[in-house]
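All chains are identified by letter, namely A, B, C, D and E, in their written order; residue positions are counted from 1 within each chain.
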Amino acid sequence: MSTATLAAASLNLEPANESGMDQLLEIAMGPQHPSTHGVFRMNVVLDGERVVRLKPVFGYLHRNHEKIAENETYLGSMPYTDRLDYMCPLTNNWAYALAVEKLAGIQVPERAEYLRVITGELTRLQNHTCLIGFLMQDMGASGTPLMYAFRQREIILDLFEALTGARMMCNYMRFGGCRVDLPAGWLDQAKKVVAGFPRFLDEYESLLVSNEILMDRTQDVGVLSKELAISAGISGPMARASGVDYDIRKVDHYSIYDRFAFRVPLGSHGDVYDRFMIRLLEMRESVNILQQAMRDIPEGPIVDPKTKIRGFRPKPGEAYGRIEGPKGELGFYLVSDGSPNPYRYRVRPPSLINLTILEDLCLGRNVADIVVILGSIDIVMGEVDR
Amino acid sequence: MNLEAIKSEIEANVPGCRLELIANPSPSGQHSLLLDAEHASAVALYLRDTPNLRFDFCSNITGIDWPGKEVSQKIKVRKLVDGVEQEVEETRITTIPGSLEVVYHLYSVEKKHGPIVLRMRTKDRDAGVHLPSFTPIWRSAELQEREIFDLFGVLFDGHPDLRRLLMWDEFQDYPMRRDYVDPDDYEYEPTAHDAVLQRARQHLSQANPVQPSEGEAR
Amino acid sequence: MTTSFMILAVLTVAGTAAAMGLRNAVHCVLALALGFAGIAMLYLQLGAQFVGFTQILVYVGAVAILAVFAIMMTHNDKSMALPDSHSAWVAGCIVAVAVFAVLARAIVSSSASAQTQPPQPAATVQQIGNALMHRFVMPLEIMGLLLTAALIGAVVIAMDRREEMK
Amino acid sequence: MTHLALMTQHLDQIFVLTSHWLLSYLPIALQPLCSAILSVAAIIIAFATLFALTTLLERKGLGRMQNRYGPNRVGPCGLFQPLADGVKSLTKEDIVPIRADRAVHFMAPVLLVAASFMGYAVLPIGRNMVMVDMNAGVLFFFAIGSLMELAVFMAGWSSRSKYSLLGAMRAIAQMISYEVPLVLASVVVLMQAGSLSTVAIVNMQATYSGIWPHWFVFTPWGFAGFALFMIAATAESNRSPFDLPEGESEIIAGYYTEYSGFKFALFFLGEYIGMFATSGMAITLFLGGWSAPFSFLTWIPSYFWFFAKLLTIISVFIWIRGTLPRLRMDQLMNLAWQFMLPMTLLNLLTTGIWHFMLPGFLRWIVCSTMVIVPCILLGSGLKYKKKFQIRTYHFSQ
Amino acid sequence: MVGEGILKGLAETARNFFGSYVSKDRLTTVQYPEQREPQIEATRDFPFLVYDGADWQQGMRCVACQICEKECPPKCIFIEKSKDKKPDAFGKMQIYPATFNIDISVCMSCQICVEVCPFDAIKMDVEYHQSSDDRFGALLLNKQRLSKSNEYYNAIHPTEASAVDAQRAEELAKLEAKAKAAAEVKAAAEAKAAADANPALNASPQQPAGDPQ
């Protein structure tokens, strides 16, 4: 029993009320806490600084996105999807568009598919850089990696703005394609940005990867086993860091990912360091995909001319469409009853489902490890609480 | 993966289970299997553990509310009217009971196939809202089932920690049900042409006869 | 009896008195630390720099913190209540007066009080070091050994408990 | 003595001379008191200004490291930013938690600032510029340093907040653990100098052979001692990467979570003043205090050298803060007890051997080996125990 | 060797420290009120109403069809139709909005209103200096504040606006041609009638046929 616990117990600071736990310290991390990535709360029971129990509390940002969407036309939900995971609006758009296209059987023109891949991979780049920045911030690196990440993200957001008109709330994809075509000079600019990205990654790696403090803080911390990862529905880089060989871009063959040569990095330890490294490696692969896509992008229409913007009514039925979002499997499940509004609209939020195992990862670790583990899970509360 | 084949395979291996194939008319072609609640866990375990299926990844769980429908029929009934037996036309309203449905999308990480869509339905929307929990089979169901309990009110038997997920614990209703009525006393954001403002003002004036303060009266 | 001595004496006595009288145990320790600091300054006033600073380093910096830790580890609200019984107070006062009387008697009757102006001791750190290293080297080493043994023993005991908990 | 030499000497002693000149107008009886007040005021003003400057320097330096400008809006190049910050913290509401122990809550920042300022009494800032030349000066410095722990405890305990308490416990554990290597690292200098007086230590180093000064850092044991001292000093002053007690991302602001307004600013001040004091002590012990780095630069006033060295050390602090993530509590303790403590003890031995060996090349080789080899061994021991390494990853096809 | 990675990191920050003084790529900060980023053409924030010509009331393209009001996802548009009619840009008599309010504190800049508008009447603005301490007065834009000229539209979104203008010119030309043809037909008929010495007295005034929709 450590001193802090006993001290707190002696102060009678609302000890945990369960029998036998009165020597423990219960603290509420969040909803206002510097490293809960938004308004998230963890009720943590500590023995000294060791975590005995951790219960996440959700819902501070809950706005019932699904209900709103059920009262909205199919198109009307598109801008709302931007606000789910506000770090990567374009992949949210894409997943939703994909689900609706499955529901209504719409084909997407080739150029639009390329546009989607380009914007989607750019989104992945900026999400992963920022995530690593946030993770370092949680680790106490006084903002330097975060600032580098944001510097790079700004450049990508400028590209988004030039293409979609907005930096974050892009509202770019449409059912059967994309909203606008590339403006003049955009592709050259994007090529320049992507070509400069590996240099940035090199700098980032030399700053972080071999840092002893970082390795000490992250290796063997928050180890997630492969079996648990699969069972708990963990997806995306987090699952792959645990050695789960599952990338929806490879498995579902959606869009045109089959045309690009890229590799899927896999971790073998499943700890925070692996999650961090897998994201770094994924960024390199994304750069690869981007270079191929921007080389091969054909001319042509950007939207299926048969789809209507107004009065879009898919036939009754249902569809589940999913993509490999930067945070994991992002899926949309839609049930149509033939009306202009979806009868049921469901988001499969990767952030929320990846949080399922938060307590398992944190038990027995330090307070300092909680924030690092949470940071490595990569959550955005807009998506968790919906 | 042919759903028909899977269905017959399950029926052969899980004795007593009743499965129903529900066709999906949309172009997505994602047909689904309706499970009965008693054998659902056995079927789920079979799907997860059978080597050629190995649906080890429960990706998505959705709740759907199908409210009861009222069907009115006009029937001729013999009745005593003023002492005289007459044939009177009456409208009789029959209620088709609704149900809450839970939809599971399963994938296989090992075999890299899927999805297979499972559904379960509750008996009705009031008392019989019990369904077996899949959390012991797939951990990913833990938070998603809690969410469905929170928003739809399905009680998952066997869930280790069935609490509200997104709404606060004291909240009463189930917001995602189709017949949910928005409360009109929440903290409204007054906007210029907002019906909510009207309702809130009405509510406030009912709740306390004194006029709401200047800021609220805007 | 200079003014500064008076101030320091009052500070010391007040600190130690508060340490006895306050109800909150942590306050008591803080008051005690004040008393320690006062004593240290009295040493300094007498020109004994080494002793004075060691007093601060050891008593204020270490013993007070140790006491605070001890309080935090052991006490709870129940033991906070001071004995309210009158007899305990009376007994305490009697003991205190008796001790004071004995000490006062000893001081008054000792030859030191005969000296009006005590000679200023000119003990530098170097002299203390020399004394410790030459004349008192054996006691010093024995003390060091004893403390090391105690330290190792404490670590061993703590390690045993850690394993029990696992 | 030439005219020029006299002038430089006067420039060097300008503050001392001014003080003497001012005091000469006062009656003799009042002179000691006024002299003390004068030097205290001078030190408070100088170091409070340095604090203001450092906050600006830190924010600007961090900004540049992070590819941004840093504060540049208040005044030219943001020079008045500290002033604005001061005004802001003065005018902010002072919030005391309702369950807090008000008296202790108030006393904690005051004690912290007072204790951190007291350390300057024995720091020779320039030639003849030391407030009190005690023959136990170094001991005084560390004794005063131990008062800060009490202040930290008071702050954490009196706030009645779990985060404050956790922070205070972390801080005290850290300060106690690192005080041991801090003191042991400085003992090597005391052994060599044979004195606890800071003035004597500096005077010993302020001699030159050729153009090179005799700073203790230019010896194997001195260098190791300096490195160890600086690591321990970083931990003592709660600087990154040892800023766990106020680890923002974990426990909000540690023991001063519940402080606001001017009291918060006082903590901030106390922390920086403490950091300057420990850095000043490092300069005094290892970097020759106010002495010039080359004999031909002695004409530059001595206090300039002291502050130049201080600013260099502060810049390194800032640089490190901009780069490194924070350690975890157990890692911090491991570093203290498994690396720092054995290294300081070995360094004591090395110093002893250096003392008794004849000057020459052999002495250098023996002592350097005695420092470097254990350092590598202990370092890789730490690394080996944790089994951390740069990993390679495979790809699925 | 322990410390190698730390030294590498220190070198990296030092490089950025000095790099920020020499390289524009590293120090990308724009000092906002004095410096501005170049306007990106596609940028959008809040909608505005386009009018042709000089008078905003006369030239307003909006015909109060209320499609945008219906399609707006957060329902921030409020339209009241006028009782009377006025000629639109094509000369057709149309109703116009008597009230057209957009609550930009609710608007989420999704530009769905722009996409659904069949009259090219509502477009996205780039004016972002909208902050105000008047929550209700300043953030509820009325018809007058919303109306901006076509020249302004051409200035902020040149590519898009020129395409719209071209399309409208084409439509107008088509209409004129149609009207001309109709007039010719009519003239011919009149001539014929005149030739037949049987003037059509009750010929109805010619409406431009065809809806721009």
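Following the convention adopted for this analysis, a contact is a pair of C-beta atoms (placed from the backbone, for glycine too) under 8 Å apart; a residue touches a chain by one contact, two chains touch by 3 or more.
All figures in this text were calculated on a predicted structure; none of them were measured in a lab.
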(message) In terms of touching chains, how many steps apart are chain B and chain D, taking the shortest path?
(response) 2
(message) Hopping along touching chains only, can you work out the least number of steps from chain C to chain D?
(response) 1
(request) With contacts defined as at the top, give the pair, A-E or A-D, that has more of them. (result) A-D
(message) Based on mean C-alpha positions, I'd like to know which chain lies farthest from chain A.
(response) C
(message) Closest chain to the protein's overall Cα mean, using per-chain Cα means, please.
(response) A
(request) Give the label of the chain whose average Cα location is farthest from that of chain B. (result) C
(request) Compute the distance, rounded to whole Å, between the mean C-alpha positions of chain A and chain C. (result) 60
(request) Report the inter-chain centroid distance for chain A and chain B in whole angstrom, where each centroid is the mean of the CA atoms. (result) 27
(message) Using Cα averages as centroids, what's the distance between chain D and chain E in whole Å?
(response) 63
(message) Nearest whole angstrom, what separates the Cα centre of chain B from the Cα centre of chain C?
(response) 72
(message) Which positions in chain A are in touch with at least two other chains?
(response) 3, 7, 144, 148, 151, 207, 209-215, 245
(request) Would you please write down the residue numbers of chain C that are in contact with two or more other chains? (result) none
(request) Could you list which residues of chain D touch at least two other chains? (result) 65-68, 157, 322-324, 383
(message) Looking at the complex, which residues from chain A come into contact with chain B?
(response) 58-59, 62, 64, 66-67, 102-105, 228, 230-235, 244-246, 251, 314-322, 329, 331, 333, 335-336, 343-344, 346, 348, 352-353, 355-357, 385-386
(message) For the complex, give me every residue of chain D touching chain C.
(response) 101, 104, 134-136, 139-140, 142-147, 149-150, 153-154, 157, 172, 176, 194-196
(message) Looking at the complex, which residues from chain A come into contact with chain D?
(response) 3-4, 7-8, 11, 13, 25, 27, 33-35, 49, 136-144, 147-148, 151, 207, 209-217, 219-220, 245, 247, 250, 263-269, 273-274, 277-278, 281, 366-371
(message) Going by the contact rule set out above, which residues of chain A touch chain E in the complex?
(response) 72-73, 75-80, 82-83, 144, 148, 151, 154-155, 158, 161-166, 169, 171, 179-180, 183-184, 203, 206-215, 309-310
(message) List the residues on chain E that touch chain A in their complex, please.
(response) 2-6, 8-9, 11-13, 15-16, 26, 28, 40-44, 67, 71, 73, 108-112, 115-116, 124, 159
